[in-house]
Amino acid sequence: MYAELMKAATAIGIGVAFFSLLLSAMMDGTSPAAFINIPALMIIMGGTAGVTLASVGMQAMKRVPSLYKLVISAEPPDTRAQLDQLVSLADKARREGLLALDAILPEIEDDFTRTALQLVVDGTDPEMVHMILQAEIDGMAARHEAGASPFEKAGGFAPTMGIIGTVLGLVHVLQNLAAPSTLGPSISAAFIATLMGVGAANVVFLPIANRLKAISAEEIELRVMTLEGILSIQAGDNPRLVAEKLMSFLPPAARAEEENGAGAPAAPVSIDAKAA
Amino acid sequence: MYAELMKAATAIGIGVAFFSLLLSAMMDGTSPAAFINIPALMIIMGGTAGVTLASVGMQAMKRVPSLYKLVISAEPPDTRAQLDQLVSLADKARREGLLALDAILPEIEDDFTRTALQLVVDGTDPEMVHMILQAEIDGMAARHEAGASPFEKAGGFAPTMGIIGTVLGLVHVLQNLAAPSTLGPSISAAFIATLMGVGAANVVFLPIANRLKAISAEEIELRVMTLEGILSIQAGDNPRLVAEKLMSFLPPAARAEEENGAGAPAAPVSIDAKAA
Amino acid sequence: MYAELMKAATAIGIGVAFFSLLLSAMMDGTSPAAFINIPALMIIMGGTAGVTLASVGMQAMKRVPSLYKLVISAEPPDTRAQLDQLVSLADKARREGLLALDAILPEIEDDFTRTALQLVVDGTDPEMVHMILQAEIDGMAARHEAGASPFEKAGGFAPTMGIIGTVLGLVHVLQNLAAPSTLGPSISAAFIATLMGVGAANVVFLPIANRLKAISAEEIELRVMTLEGILSIQAGDNPRLVAEKLMSFLPPAARAEEENGAGAPAAPVSIDAKAA
Amino acid sequence: MYAELMKAATAIGIGVAFFSLLLSAMMDGTSPAAFINIPALMIIMGGTAGVTLASVGMQAMKRVPSLYKLVISAEPPDTRAQLDQLVSLADKARREGLLALDAILPEIEDDFTRTALQLVVDGTDPEMVHMILQAEIDGMAARHEAGASPFEKAGGFAPTMGIIGTVLGLVHVLQNLAAPSTLGPSISAAFIATLMGVGAANVVFLPIANRLKAISAEEIELRVMTLEGILSIQAGDNPRLVAEKLMSFLPPAARAEEENGAGAPAAPVSIDAKAA
Amino acid sequence: MYAELMKAATAIGIGVAFFSLLLSAMMDGTSPAAFINIPALMIIMGGTAGVTLASVGMQAMKRVPSLYKLVISAEPPDTRAQLDQLVSLADKARREGLLALDAILPEIEDDFTRTALQLVVDGTDPEMVHMILQAEIDGMAARHEAGASPFEKAGGFAPTMGIIGTVLGLVHVLQNLAAPSTLGPSISAAFIATLMGVGAANVVFLPIANRLKAISAEEIELRVMTLEGILSIQAGDNPRLVAEKLMSFLPPAARAEEENGAGAPAAPVSIDAKAA
C-alpha cells in the first residue's frame, strides 16, 4: 500500500492540485459548467498540440502515451539492492575469478548490468568496457531528454495559446461594445482560455516534464554506480573498497542501514581483505 | 503515405495550430476579415524582419527560404541502416583489409561517410582522421545553429513588436477619447498587433526554430556514430564489438529488431569473432 | 547570543519581511482578517503542494520538514578550525608517520574527515582515495540539490497558482456584473490569491531554496578543502605548504588572523620545513 | 553595390524596422509630433545611459561610438581567401622549408596571421605557438564580449525605464482625476515612455548587441582556422591534408566552389602529396 | 581629475539615472513629496532586506557596506604596469637567476604577485606553484561571486515586493469603492510601491551587482596574467616570449603604446634573446 502511494505520487499530486482548483472555484460560487468553453478548449488543445508536434516531430509525439504511463507508475530504483548485488559479484569474482560470473549471468535481471558483465566475462579491454557502457548511459540520457521534450514544449506553449485565446475573445468583445449587458459574461468567457492554458501547463505538462527528468536522473545515477562497480570488479578490487566507493551513491542514512543489513555476509569480505 | 506524414510533421503541426485559432475565432463570431489590419501587419512583418536582419546579417537571412523547405520535408535519418552499413564495412575491412574498402567507396551515398573512409583508405593517421572528422561535425553544428538563429530571433522580437503596435494604437485611442462610439473597435484593432506578434512567434517562428534544432541534433548524432564506427574500422576492431558500441546510439526497442533483422549476416561476424 | 543570531538569519529575515508586509497593510487601513480567504488559501496551498509533489515525487517531499529545521538552525562551517586541524595532522604525520594518525582517529568528530583519514591509514592508493572522496562530495552535492528542489519548484508554481486563483475569481465576478455594489470587494478578494501566491513564493519558498543552496556551497567548499588537505597529508607534503595551499579557501581577512592565532604552533612547522 | 548592401545589413535592418513603426503610427492617424515627449525622453535616455554606465564602467562606455561604426560597416570575413592563403603557405613551406616564409611575411596583411607566422619562422616551440595564439584568441573573445556588454545592458534596462516612466505618469494622472477631459491625453503621454523604452531596446540596442556577437563569432572562427592552419604548416603537414582539415570551416556549398576555383594551383599540391 | 571620474563611474551613473527620473517626474508636475509613502517604503525596504538576509545569511549581509564603498571607488587595474613588471622580473631572473628575485620581493606591492614570487624563490615545484596560485584565484572568484549575491538577490526581490505592495494597496482600494473621490489618489499611492521596487532594483541594486562582477572579472584577468607570467619566469622563458604571451591580455591599441613605451628597455631583452 505504501509502495503504491510512492509510485503514484505524480498522479496523486496532479489530482490534489486539480481538485483544489475545482473546489476553490465552486466555493466562489462558479459552477464547473462555466469552464466548458468550446472555443477556448479548441485553442488550448488544438493550438498546443499543433505547435508541439511542429516543434518535436511525429516520433517524439508517438512516445507521449507510454511516457504518461511511466510517470504515473514509476518505482524509485532500488539503489541499495543493486549495490549489494555488485558487492557480492565483486566478492565472487575475487574468490573464484571473473569467469565464475558467467554462470550467474542468466540470473541477473537488469539488462544493463548483464550486458556489462558479459563484456567483462568475454575479456573485453577495460577501457573499451568503459567506453561502451558510458556511450550506453549517454544514449539513454539523450533519449530521456528527448522524451521529456514534448511535455516541456507543451508547458511553454499552452499559456501563450491561452493568452492568444483571451486576446481573440477581447478583440471580439471590444468590437461589440454596443451590448453592455453581455459585456461581463463575454469578458469572463475570454478569460477561460487563459485559465485553461495556464492550468494545463502548470497542473499537467510541467509537473510531468519535471517528474520525467527526476526519474531519468535517478536511473542515470543507478547506471553510473553500476558502471563504477563493474569496472572495479574487472580490476579485481577488494570488495570492501568496492562497497566503500559505491556507498557514496547512497544518502548517509541509507548507508548505516545497509551496513547493518550486510552484517552477516561482511565476514568473507573482510577475510578476503586481509588475504589481499 | 505514412513516411510522408512523418516528414510533414512540422507543416501539419503549424496547420493544425493555425486552423484551431481561426476556427475558435469564428466560433466566437469574429469574421476573419477583422484580423486584416494593415498597420498591425506592417509593424509585425516590417519590424520583425528589420530587427532580425539587423541581428543576424544578410547572409543568414538568405538561407531562410531553403531552411523553411528543409523543415517541411526533412526525413528522420535512418540510424539503423547506417549502423548496418558500418558493421558490414568493419566486417569487410577485417576479412580483406582496409584497402579492400577502396572499391566500395563510389557506392557510398553519404558524403561524410565517403570522405571519412577515403581518409582511412589513404592511410591517414587515426588521430588526424579523428581531428578532421570532429572538426567537420563541429563545423556542421555551428552552421546549423547559425541557421536556426533568424527564426529564434524573429520568435523573440515578434511579440515585442506586437506590444509596440498595441501601445501605439492605445496611444492614439487615448488621444481621441472624445468619440466614445469608436472606442471599442479602436482598442480592438490595437490588440490585433499583439495577436499577430504572439501568434507569428508561437505558431510559426519558434516551432520552426525548435524543429531545426531537433533535426540538427539527429544529424549530429548520426555523424558522431559514423565517426565512432570509422575509427573502430580503422583500428581493426572486431565487428561484433563495433556493433555493440554503435548500438548505444539506438533506442533499446530498435536494437532488438536490429538484432533479429541482422540474424543472417551475423554468422560470418561471429566466426570472425572466434577467429580473433 | 551573537552566534544565535547568525544561525537564525533565515528565520529572522523571513520574519522581518513578513512583519513589514503586515504592518504596511495595516497602515493602509486593511484589517489582517481581510487576507483570510479560504478559496484563495485552498488554491495556493493545495495547488502548490499538489504540483510540487507531482514534480519531485514522494521521497523528496518527506525530507521537507527536516530541511526547514536545517535552514533555520544551520551554523556556518568553521573553515579555520578545520584548516588548523588538517595542518596539525599534516605536522603529526610528517613527524611520526601516517600510521601515527590511527590513534587520533576516534577523536575526530567530522565523519568525512575520519573516513578520509581511515583510508589513508589503511594504505589505500592515493588515486583511489581521491576518487572515493570526490564521489562522496559529488553525491552530497547531488543530494543537496535534490533537497532544495521542492522549495524551488514551490517557489515557481505558487505565483502561477495565485494568478489562476485571481483569474478564477475575476471570471466569477464578470459573470455577475449585475450587482455593482459587491463588485469592489469581489475583485479585491480575487486579488488575495495573487497576493498569497507571490508572497508565499518570495517570502518563504525562494529564500529557503536560496539559503539551502548557500549552505550546500559552504559545506562542499569545506569538504573540497578537506580532500585537498588529506591528499597533501598522504603525499607527505611540508605542513607549511599544506597551510599555504588550504589558505586559499579563506578570505584574506581571516588568513591574517589565522596566522596570528597559529603563531605558537607555527614553530615546529617551520622547523619541519627546514629539516625537509 | 551588392557588397555594400551586405556590409550595411544592420543599418538597413534598423532603418526598415524604424520606418515600419513610424509608417504604421501615421496610418493610424497619429502625428509623429505626438511621440516627442520630453519627460519620457529624459527617463529613457538619461536613465538608461546612467544605469548602463554604472553597470559597465567608463572604459566600456568610451568604446560605444567605435562599436556603432563597426556594426554598421563590418564586412563578413573572407574565410575562403584565408583558407587559400594558408594552403599556399603550407605548400611553400613544404617545398622550400619554413624559413622561406620569412620573405613573404611583409606581404601578409592580417596582423594575427603575420604574428603567428613570425613565431613559426623564429622556431618557437609548437606548443608555445599554440598557447600564445590561443591566448590571443581568448583575449579577443573576452574583449568582444565586453564590447557588446553596454548594448546588452542598455537593451535590458531601457524597457524597465520605460515602465518606470509610464508608472510615474500614471501616478500623476491618478492624483488629478478631477479633470476627466485631459485624462485620455495624459494616459496616452504616459504610455509614450513604455513605447520609447521598448522601442529603443528592440530596434536599436538588442539588434546591435546581437550583431556584435555574430561578428565576433565569425572573427573567432576565422582565427581558429588560422591557428589550425599555422600549426599544420609548422608540423610540415601535407598541403592536401591541410586543405581537408580547414575545409570543415566552410559550408559545403562554398567548398565545391573552392575546389573548382583552386583547380589550377591544385596540381603542385597533389604532386607534393605523391612525393610525400 | 580624469582618473577620479573613471573611479566614480558607478556613483555618477546612478546619480544621473536618479536625477533623470526625478526631473522627469517634476516636469510632469508631480511634487517629489508625492513619492514619500511610508507603507510603500516599509514594504520595499523591510521586505527586500528581510528576504535578502534570509537568502544569503548574516555574513554576506555584513560585507554589503564595504562592497558599496568598493564599487564607488574602484580603480581599473593597471594591466600594462603589471605586464611591464613581470617582463622586467623575467629579464632579471634570466640574467641573474631566480634567487636574485629574493632581494626585490619587499618592493612588490601586490600581495598575490609577492606570494607567487616567494613560492618561486623558495624553489617550490612548478606544478605546486600553479596549483596554489590557481586555488587562490578560484577562491577569490568564489568570494567575489558571494559578494555580489546580496545585490543580485535584492535586485530580483525588490520589484516583486513592489508588486506585492501595489496589490495590497489595490485590495484596500477595492474594498472601499464607496468613496469615489479618493479613488484616484489611492490607486496612485498603490503604484508608488511598484515604482520604488522597480526603481530600487534597476537604479541601485542591479547596476551595483553588474559593476561588482565586472570589477571581479578584471581582477581575475590580471591575476591569471600574473600566474602565466610567474610560471614563465620560473621556467626561465625568454623575456621577449613572456612579453608576447602576456600581451594577449591587452587590447591591441594598448599593445602598440606598450611596445613604444618599452622601446628603451627592450634592448637588453633582445640581446638576451639572441644569447639564448
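Observations on the model:
Each chain carries a letter (A, B, C, D and E) given by its place in the written order, and its residues are counted from 1.
Going forward, a residue touches a chain if its C-beta (ideal position, glycine included) is under 8 Å from a C-beta of that chain, and two chains touch if they have at least 3 such contacts.
All values derive from a computational prediction rather than experimental measurement.
Listed here as common contacts of chain A and chain D: B.
The distance from the centre of chain D to the centre of chain E, with each centre set as the mean of the Cα atoms, comes to 25 Å. Centre-to-centre separation between chain C and chain D, using Cα means, comes to 41 Å. Counting partners per residue, chain B has no residue that reaches two or more other chains.
If you draw each protein chain as a dot and join the dots that touch, you get one closed loop, with every dot joined to exactly two others. A single ring links the chains, and its order as traced from chain A towards chain B is A, B, D, E, C.
Of all residues in chain C, only 38-40, 42-43, 45-61, 111, 119, 124, 128, 131-132, 135-136, 138-139, 142-143, 149, 153, 157, 160-161, 163-165, 167-177 touch chain A in the complex they form. On the side of chain D, the complex with chain B involves touching residues 5-6, 9-21, 23-25, 27-30, 34, 76, 183-185, 187-188, 191-192, 194-195, 198-199, 202-203, 206-208, 210-211, 214, 221, 228, 241, 244-245, 248-252.
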